[in-house]
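In the two complexes below, chain A is the common chain; its partner is chain B in one and chain C in the other.
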Partner chain A sequence: MSTPVVVTGIGVAAPNGLGAAEYWSATCRGKSGIGEVSRFDARGYPARLAGEVPGFAAEEHLPGRMIPQTDRMTQLALVAADWALADAGVRPKEWPEFDIAVVTASSSGGFEFGQHELQKLWSKGGRHVSAYQSFAWFYAVNTGQISIRNGLRGPSGVVISDQAGGLDAVAQARRQIRQGCALVVAGGVDASICSWGWVAQLTSGRLSTSDDPDRAYLPFDAAAAGHVPGEGGALVILETAGAAIKRGARIYGEIAGYGSTFDPRPGSGREPGLQRAIQLALDDAGLAPGEIDVVYADAAAVPELDRIEAAAIGAVFGVRGVPVTAPKTMTGRLCSGAASLDLVAALLSMRDGLIPPTTNTSPAPDYGLDLVLTDPRSLPVQAALVLARGYGGFNSAIALRRAGSAQLGKKDPG
Partner chain B sequence: MITGIGVVAPGGIGVKDFWSLLSEGRTSTRRITFFDPAPFRSRVAAEVDFDPAEHGLGPQEIRRLDRAAQFAVVTAAEAVADSGLAASLDPYRTGVTVGSAVGATMALDREYCVVSDGGRLDLVDHAYAVPHLYDYFVPSSFVKEVAWLVGAEGPATMVSTGCTSGIDAVGYAAGLIREGSADVMVAGASDAPISPITVACFDAIKATTPRNDDPEHASRPFDRSRNGFVLGEGAAMFVLEEYEHARRRQAYAYAEIAGFATRCNAFHMTGLQADGREMSQAIRAALDEARMSPEEIDYVSAHGSGTKQNDRHETAAVKRSLGEHAYRTPMSGIKSMIGHSLGAIGSIEIAACALAIENNLLPPTANLHEPDPECDLDYVPLVAREWPTDAVLTIGSGFGGFQSAMVLRRPG
Partner chain C sequence: MTGQELTLDDLTTALQQSAGQANTDNLDGSVLDVTFEDLGYDSVALLETCGRIEREQGIQLDDCTVEDAKTPRALLILINEQLAEDTAA
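Let's turn to the complex of A and B:
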């Protein structure tokens, strides 16, 4: 049995709440953060709704010199990292410098920053491009900046697998902990709500063109017609259960199992990989399907993808065999931030015995899912499963176990 | 175990031509031809003369795949063919890891210019977007292309840690095999960054060389006259195979990935401290994982970018970690010949290391006539060297503060 790796800190920047407490309260109340795009004038585009993080003023949280050299996604990530470390009661300066690492996911880098510099290049010439362009847009920037801001010199990394990256980063962090790194800041925080990023996302063919915030993103609904993009995400603090108990840290839950697969090439006639990812995560966790109390779905809201996900959940858990939820109907899909945010919601479900709703959706009965709708469901949650998929065929699943249940029970600090 | 290699490098497409270039100490740097470089400070690059159709890509693939994705697919195909595994891959037990620092930056630069009408439009025009723009937007599409090519359905990810991506992607993949998540990983890295936006941003921080009057000799790691790196492009992909899996089918193995580690300097997004402390930590950790002592290292493949600060930084790091043995160990930099292809180069250097072990021959550092007095190790100047080589250390350093080290060993 490998050393249990647990989450002891959470930092959130979400469209329906800045900070974990605000996000969780909004999510359980069914309060949405989806609205008309405000970061640029989207009226001329086929899709006009987004989940934007409200009321975030970077200068309130970060030194002034950081602002011109960072994209919005990095500003959100730096603040989420600060909150996660504080939540875990970790002051990095008191730790040996090589003991703490950072593993983040990205999906498309600092795209808004990149748009500004590309515009300078093409309209005014190369000499007008910012010196910060050499790093502010690239995919590794959040890890680098979090490392620098906090003096973290451990074995860090960056993974990219579209939405699945938010789980893949946490899984890589767990590997680093098992190989002896003491603490890892992990997860995804993303943003690319700028006209250039918008046009790129439109070509995926998966954006909803509805103007009604309550009807635009309807996963597992017969009327599903794409998703609403959003920005934000979450970072968590990982360490071994033993270390957490020793320093008296609060344990949100254990990263008990992980599975990752890739879909076969379209037209191959082979089965999609999501069900296998679920099975791998459960096996890795040593959990039977019946022990999972809630599944946080990927919830693509593209009929073909919804069908595949419903079939995978049905095959493992049975028809209406497990409560399923997708609170991302309140935030939109946050690129690499989405699954990290779901992971946080699942941990808080275990803490509070409360499953937040999938708002707005009226599930198509033939999917056979027990979707938690409209109101949160009170239910003791001992174990949860979080699913994420990325464009092209990435499938990832993480199984979480509650602190205080079976494996961690005797050692639970309270 | 590395049981297959594919390389696309400037001046050498395919493993054979790549190794000829390195062992003959030729350089492939030249004045930029992809666009008119006249407005830029640095006008030199190492470009690949690459025709995707010649390498089996169809018209639709050529449209859908950014140049870096094309490199990734072509090198993955070469690596899988080289390994002899093609027909017998188990999809569920085969994964993909592709490293890239800047993804589809060439396509994004080009397409931005169109949708913004040359930067005129603040709100870019979606009517002019190409259908595969999302594939350029998310560089993880490279992973998809490689997975489709080889039929992999196991764990698949892109690793993007700036200029250490090429080492980190292979290290990540080796880790997946070690933990039992896959038997075979098709892993490596690709970058094709020679576009105006990349040239402009490196101009802005004076990271690239302005030695425009002498492009063939512009990449000069460890030389007193060095004044910046030469931008390059390319890819290397490998078939990595679990030891028993390779042994059972009596596969030829180039090298074993014996140790890998990475650290962050938490100092500056682009700057390095002169003492090389974090890189030396990574080297020590990689040696520990390999259970090897510094004295067992026969050759060091340097990062050797040719910037003032890098070459001093890594010289210090190697001395700090290998001690006196650093002075007895040849260390060369192939960026002197093929430029710095950002995230890809780490994997291309791993390919060079595997071939150095196979051939007992060390590629030289080209253009090294007068070493910087602060760079006082044996950098194998100008001419390749026959050298018994059983174990190699390769190191890399990247924007964001990443410092990575990998130890490769002759298969036992």
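Let's turn to the complex of A and C:
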């Protein structure tokens, strides 16, 4: 059996809560972070609602040198990484620099920063473009800046697969741990709520044009008509169960299984890949469908995609065969940050025996889903499944197992 | 302000506006010979700062010679030579 890899630290920046504690408390209470776009004037655009991270002042968390050279998504990521490392009780300076790696997901890079510099380029000329543009807007910048700030020089990288990236980064981190890396900072934090990023996201045709925060993002509802975009995400700390136990770290849960697939060409008539991703993740984890206590859905809120997801869940777990939830109804879809945030929520579900609700949705009965609605559901959670799909055909699934479960390593340190 | 010498104050203001606060709180006369690296400013920070000074002073600095200026004193000498040259021209 492969070495169990576990999560020992989490850091969160979400539209309904800054920090893991605030996010989790808001999420279990059904508190939404969706509102009118405030970061730019979106009144002339088809979509006007977003999930924005509230009360985040980068200068309160980061040295002054970091501010002029970072996009908002990098500032959020740097702070989430600080929190995750602190939560894991890891002080990077005390570790050999090549022992810790960083693997993040990205979907667009630092768009807001890039937009400002391109505006300078076209209005004032090339000499006015910031030298920091050379890296502040590219995909790998969060990984690079987290690495530089903390002196982490292990095998690092970035994965690009839209929403699926939030899981794919964690899976890549697990590979690195199994190949001998001691610790990895992994996950996704994204933000592109600026007019340029907005236009880019609109091209998907999947953004909700509703002005009502409570009616704009309704996955699995007969009235589903797209999603609300958001910013933020989560980073986690991974290491082997053995290493975590040895240093007495708290274990949130095991990254027990992973599967990823790619959808067939549209119109080919072949099956979508999501169900296969679920089966791969369960097989990898050695878990039977009946052992999964909750599924965190991708929850696209596009009727065709909702149908595909409900069918995949139904085929594996049976009609209304497993509790399903989509707390991203309170945050919007966070690009590469979405699935990492769901992964954290699933870990906290296991810790607290509590499944947060899917808000606002009235599920269409023909989907056959046991959707957790309105109030959190109290339920011991030994294992959870997180699903994510990325625009362009990416499907990923991660199965999590609770710390202290019989199969995990030897024993929970507590 | 062509024709006037750039002072340490001007330089530190440009540094802070371009690249943010340094590692040390005070960028007074005592930092003239401290390396930019020790002050927390890397090569990109200097590139960014020199870009700002070029725009404000209407001069062109050679990127390669800027790279050789490791301290505020060395960079000021370079900038002021360029300023004097442009004034004389």
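Here is the rule we use: the second predicted complex is superposed on the first by the 412 of 414 C-alpha atoms of A that agree within 3 Å, B and C clash if a C-alpha of one lies under 4 Å from a C-alpha of the other, contacts with A are read in each partner's own complex, and residues count from 1 in each chain.
Methods note: a contact is a pair of C-beta atoms (placed from the backbone, for glycine too) under 8 Å apart; a residue touches a chain by one contact, two chains touch by 3 or more.
Predicted, not measured: the structure shown is a model, and the values here were computed from it.
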item	value
Partners on chain A (chain B, chain C) - clash or fit	fit
First, second, both or neither for A:P46, with chain B first and chain C second	first
Touched partner set for A:P68, first chain B, second chain C, both or neither	second
Which superposed partner A:G11 touches (first chain B, second chain C, both, neither)	neither
Partner chain(s) touched by A:G232 [first = chain B, second = chain C, both, neither]	neither
Which of chain B and chain C A:A131 touches, first, second, both or neither	both
C-alpha centroid angle, chain C to chain B via chain A, nearest 10°	60
Three-chain overlay, closest Cα atoms of chain B and chain C, distance in Å	5
Contact residues of chain A, present in both the chain B and the chain C interface	69, 127, 130-131, 134-135
Parts of chain A lying in touch with chain B, wherever the complex brings them together	40-41, 44-46, 69, 97-98, 101-102, 106-109, 111, 114-115, 117-127, 129-131, 133-135, 138-141, 143-145, 147-148, 150-162, 165, 168, 172, 175, 192, 195-204, 260-265, 268, 270, 273, 276, 390-394
Footprint of chain A on chain C - complex, ascending	16, 18-23, 40-41, 44-45, 47-48, 51, 54-55
Residues of chain A that touch chain C when the two form their complex	63-69, 127-128, 130-132, 134-135
Touching residues on chain B, where the partner in the complex is chain A	39-40, 91-92, 95-96, 101-103, 108-109, 112-113, 115-116, 118-120, 122-126, 129-134, 136-141, 143-144, 147-148, 151-162, 165, 168, 172, 175, 179, 181, 196-197, 199-205, 207, 261-270, 278, 281, 285, 398-402
